[in-house]
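Look for chain A in each of the two complexes below; its partner is chain B in the first and chain C in the second.
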Partner chain A sequence: MSTTDTVRPDPAPARPSRAATRSLRGRPALYTSYASELAIFNTGTKKFWVGALVVAVLLLPFALQRDMVALVATVFVFAIGGIGLNLLTGYAGQVSLGQAFFLGVGAYTAAVFGGESSRGVIGLGWDMAIWLPLAGLVPALIALVLAPLAARVRGLYLAILTLGLVFIGEHIFKEADAITGGAGVGRAPAEPIFLGFNLFDRYEVFGYRIDRFTTFYYACFVIFVVMAVLARNLVRSRFGRSFAAVRDRDVAAEVMGVSLLRTKTIAFAISSFYAGIAGALLSIIIGRISPETWNFFLSVEFLAVIFIGGLASISGAIAGAVFVVMLPKLVNNLTGFLPVSSGVGQGGILNVFELQTIIFGLLIVLFLILEPRGLYGLWIRVRNYFKAWPFSY
Partner chain B sequence: MVELTIPDEVAVEGVETGRPVLEVDNISLSFGGTTAISDVSFDVRAGELFAIIGPNGAGKTSIFNSISGVYIPQQGSITFAGEDVLGRRPESIARLGVARMFQNIELFDNLTVLDNIMLGRHNHLHYSLLSAFLFAGKAKRAEVANRRIAEEIIDFLDIAAHRSFPVGMLPYGIKKRVELGRALAMQPSLLLLDEPVAGMNVEETEDMARFILDIRSELGISMILVEHDMGLVMDLADRVLVLDFGHRIALGTPAEVQADPAVIKAYLGEELG
Partner chain C sequence: MAEVVESIVRGMGLGGVYALLGVAFVIIYRATGVINFAQPALMILGAYVTSWFGVSNGLPFFLAVLLGMAVMAIVGMVVERLALRPMVGRPAFSAATVTVGVFIVLLIVAGRLIGSELLTVNDPWGLETVELGGATIFVVDLAKLVIALVAIGLVGLFLARSRVGLAMRATAFDQETSLAQGINVGRMFGLSWAISAALASLAGALVASGASGVETTTALVALKALPVIILGGLDSIKGSVVAGLIIGIAESLTRTYQPLYAPWLGANFDIIVPYLIMIIVLMVRPYGLYGTKEVVRV
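This part shows the complex of A and B:
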């Protein structure tokens, strides 16, 4: 190449390099500075859609029944847990079946610190401002303790190890009566009282009555947005890059100065923090926590969130959460037309839960084969199609 | 490449007078029955371009793996920058200043060219996890400052057109450059190049040779070059180590090595066999 003579290292004072001096008008894909390229919502279109979505979310409770509002709150919670799992599995490449265990630990941590004590079950009744961070920190600490073990195995072995964690966890949850209420009994979750405000109370704002569940729904939304933005920041930092490096080529990552143990430990702890927060909020939406909730199938649902939504993508985890939470509702509505029963042991070929599990399984397999980037990948394809429009192929 | 300067001691001293940055003493490495390295010693001086040659399976890559901590020789010692590195984890050796290009490209396929090079900056970015979550203050400043260095490397290697593509889909020659860029981004004091021009056409080979010469003259980085392209080795190297079946059979200047009967025998033997 004839240009190589001119690209010698430049001894002159740091000349602004190409990206820094770009300023082509009307080309949103080109950025004028590093800082603007590093910003998250860096285009007008993105800002518009995010704004529209926020307004829709805020208005939703006024248009929907309470159980639908709870369902949307569940989407936020699944998105939080899904983002956490995607950091570990999608970004750092460590497939974990242990998400349900950490959700459970989060739920019980919240219940112990933020719940009422009753009939031999511990509950300190502290404020949400204390129990919410603790619901993330305790699972993260447990993950820190387990990490040296988990970081030594990879692939299938890690999946099996974390699966074992779910079974051991379920057993402990059933036995630890003072914390969990025990098998078949369960306990009440944490009280959502934040800085003295009960998020389950009715409030009047500008003459509008805000329904009982609505404030909590807003709280879930805010927590979700904050945690999504934090995760988005993390993945473009040196930590996010080291996650991807370990996932793509672990030996090369080490030779580049990335510590495998440290990186996997950080990913595992952060993922468990997200799971713990999700578990605490989920237990409040459900209304009662039983040890059986935190089982293998819950872990599979979270894997479905990221595999269907899209690995290594924050937006993908959110899309996956919408899908996984809404699908059962859809299946339920279809049961009238299909030979399935609505409960266990009521005849029919399948019950609804079995049908859901089968659909999730099929979708995971289909996405793995056809579009490993999940719903997010499908969206990218659609977007690229319209970017090239009308010159689409 | 203003900020890509090398520690003074290395840059100041010439090749002739330079004290060794790397000392490899009598290392031996075997895998079960096969011996990969057998009692090999050499040193690399500050600013030197040192070459290792030898037939396939001679143990060249194994020596690189031993230096960077991927393999641990059963015997001998390896001293880098005055520290005993044998038995250390690869990431700690990397932090001491050893960078590397791999024989079979080992890039992070799903990351962009820019992110691959930024990963080379990993140990120069010291902000905390908390600051990474907020992406403000120290994290943002460090990212922006290091992006500038990464962009300079991208300009130097003439790969600006590819900067925001995932490396997995790039052509071979470009991948090799990105790998060189990622190693350079570490600001190493020793750079290991494992067959940097293998599989390249004449033009690409010339480009790569020019990059190597530039790195040497402008950055003063010591390098070990493993290469089957004899013309390139004899043109570029200050000294050459010749290996055969894991044994050191010669060490000297290109001229000395080329005249060495043991070397001629090893290479003729290979051609006849």
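This part shows the complex of A and C:
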């Protein structure tokens, strides 16, 4: 019997002693306990680089222009939504085209509870400490109601159901004037006032002036880190393992006592929770939200986040979010060298928006065919190459 | 009374198009187990190619439609060979996501080709009407239904009677066994994409005929074929025809009567009726009217 197959009789892992968790000097890949292998930072290098990255992200706003700060904040928001979709699609294996709908529900929940009422639009003006959790919970509840429909059958039913949801949702958003402001009009988003502090305002700290985008940048970053760590912990738990079991072989999972209905429902609800939070934050960055924002193409952008970034990987979803949000900026800067027109007109071969959309489409196809693990998979390849460098294996 | 008849006939015309698109989905689903989300883009490209032959080059309508179908069949085969063939043996959801990527790319290409104007196909019906017991019926709706049913009938006949059709059905039934019997399974995949793209092209031409015309956003009409195949059953051609007609008529009746009797549901409510029907079907009978109920073996 090999050591890796050892069945642990006790499902609750006992907290290992300090000595057991510390890996041997110079042998980072040698794990002396199950818990240390499953730890979030299972190698020292990982711990170091994540720490370095956090410091870099914290210092970034001081080195960037204002519009770039807003763009990086958008990256955090897309990463939250992407992580949510990755829990459902990457880990539990259920494709969803409905992320845009849940983003929209989150945004409007936030706007109703946290926005101000004006000209026939409802707004309760509550604190962010209340509306932020609600912006996640309401979409999660809707998902709980809908999940049994899709979970009853196998395969691509969830993709079709959620696609229908996007169209039904768009119709409701357009018609529910009291909540959304109606088609073509829109409404103001929620006010990000957290326990009295406006997170979208300028402050002076130790003589430094911090503008409103930078303040919100830090707020998004904190929320993003919390959500990412929660997701990372979730996939290490028994829920994460049951997600993977359902994805890999649903019949085998059910035989082993994993309830398909329950697992798919949980995955769908958690994914929608993440989408709702992301939608609420995104609406504040956009500034004014119209019902047309939450369409099919926004869903495809989130699919691009996880398929380009890497399925079943939290860091992959983050990498994908960086890529998807930064690509338009990159394409914009390259327009001088490419045969595209910079406006939205018909000149040139393609305009910028069309070019970036085509690039998304092509990259989804190419990554799925050539490197299904996405950017994360590319990184694994590079890492493995240098692990044994200069030898090939 | 006349209003009901007019509405139902309009719905049948619409239903014919939905049935065509549904059959296009079913053929690919049966052969490869993939739901082809690129279908709307294929439809819109088909409408463009038909229009190019018919309006820009002045060819007769039926010739333009046939040429459009031929061109789109080739496009379908190329897409299958380049994007879908490498996905054989991978999970179905990966392959379906590939078709979403293909959809985006083709839609942008079609949008660029069509531009911002309304595309027409120079069809012989235009706005002609016939009187039927007091009801004024557009010829184009009847033509849509008849052409769709004939095309589906021909495809059905091809699948049921020809040698290649038999090979396609065998592939749909069991890929490995067909391979062992000397059937070129890859070619069958390509063929099913070709047939499916040709049907989508025909559907595009029909959507563009009459007074409507086609713009890039019309592509989303083709997604209503998804509720059709859910209602009819993912693997049933007969189901697609029946469900297409049901959904077409339901949508048309809603368009006629919902503004009168239920205005609180909002403008353009008919657009989402197919999706609401789909949700009800998923609740009551998830494998559809004629679909095979899935048997899970351990």
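Convention: the second predicted complex is superposed on the first by the 361 of 393 C-alpha atoms of A that agree within 3 Å, B and C clash if a C-alpha of one lies under 4 Å from a C-alpha of the other, contacts with A are read in each partner's own complex, and residues count from 1 in each chain.
By definition in this document, contacts are C-beta pairs under 8 Å (C-beta built on N, C-alpha and C of every residue); 3 or more make two chains touch, one makes a residue touch a chain.
Keep in mind that this is a model prediction, so the values were computed, not measured.
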{"item": "Which superposed partner A:149 touches (first chain B, second chain C, both, neither)", "value": "second"}
{"item": "Chain B versus chain C as contact partner of A:234, first or second or both or neither", "value": "first"}
{"item": "Touching partner for A:202 - first (chain B), second (chain C), both, neither", "value": "neither"}
{"item": "Chain B versus chain C as contact partner of A:66, first or second or both or neither", "value": "neither"}
{"item": "Partner chain in contact with A:161 - chain B first, chain C second, else both or neither", "value": "second"}
{"item": "First, second, both or neither for A:329, with chain B first and chain C second", "value": "neither"}
{"item": "Which superposed partner A:255 touches (first chain B, second chain C, both, neither)", "value": "both"}
{"item": "Intersection of the chain A residues that touch chain B with those that touch chain C", "value": "251, 255"}
{"item": "For the chain B and chain A complex, residues of the former touching the latter", "value": "1-4, 68-70, 89-91, 94-95, 99-100, 102, 106-111, 115, 118-123, 125, 127, 129, 132-135, 139-140, 143-144, 147-148, 151-152, 154-158, 160, 163, 182, 186, 203, 207, 210-211, 214, 218-219"}
{"item": "Chain A residues within the chain B interface of the complex", "value": "1, 3-4, 7-11, 13-14, 17-20, 34-35, 38, 230, 233-234, 236-242, 244-245, 247-249, 251-260, 266, 312"}
{"item": "Residues of chain A defined as touching chain C within the complex", "value": "89, 93-95, 97, 149-150, 152-157, 159-161, 163-165, 167-168, 171, 174-175, 251, 255, 296, 300, 303, 307, 346, 349-350, 354, 357-358, 360-365, 368-369, 372"}
{"item": "Of chain C, residues touching chain A in the complex", "value": "35, 37, 83, 86-87, 90-94, 96-98, 100-105, 108-109, 111-112, 115-116, 220, 223, 226-227, 230, 265-269, 271-272, 274-276, 278-279, 282-283, 286-287, 294, 296-298"}
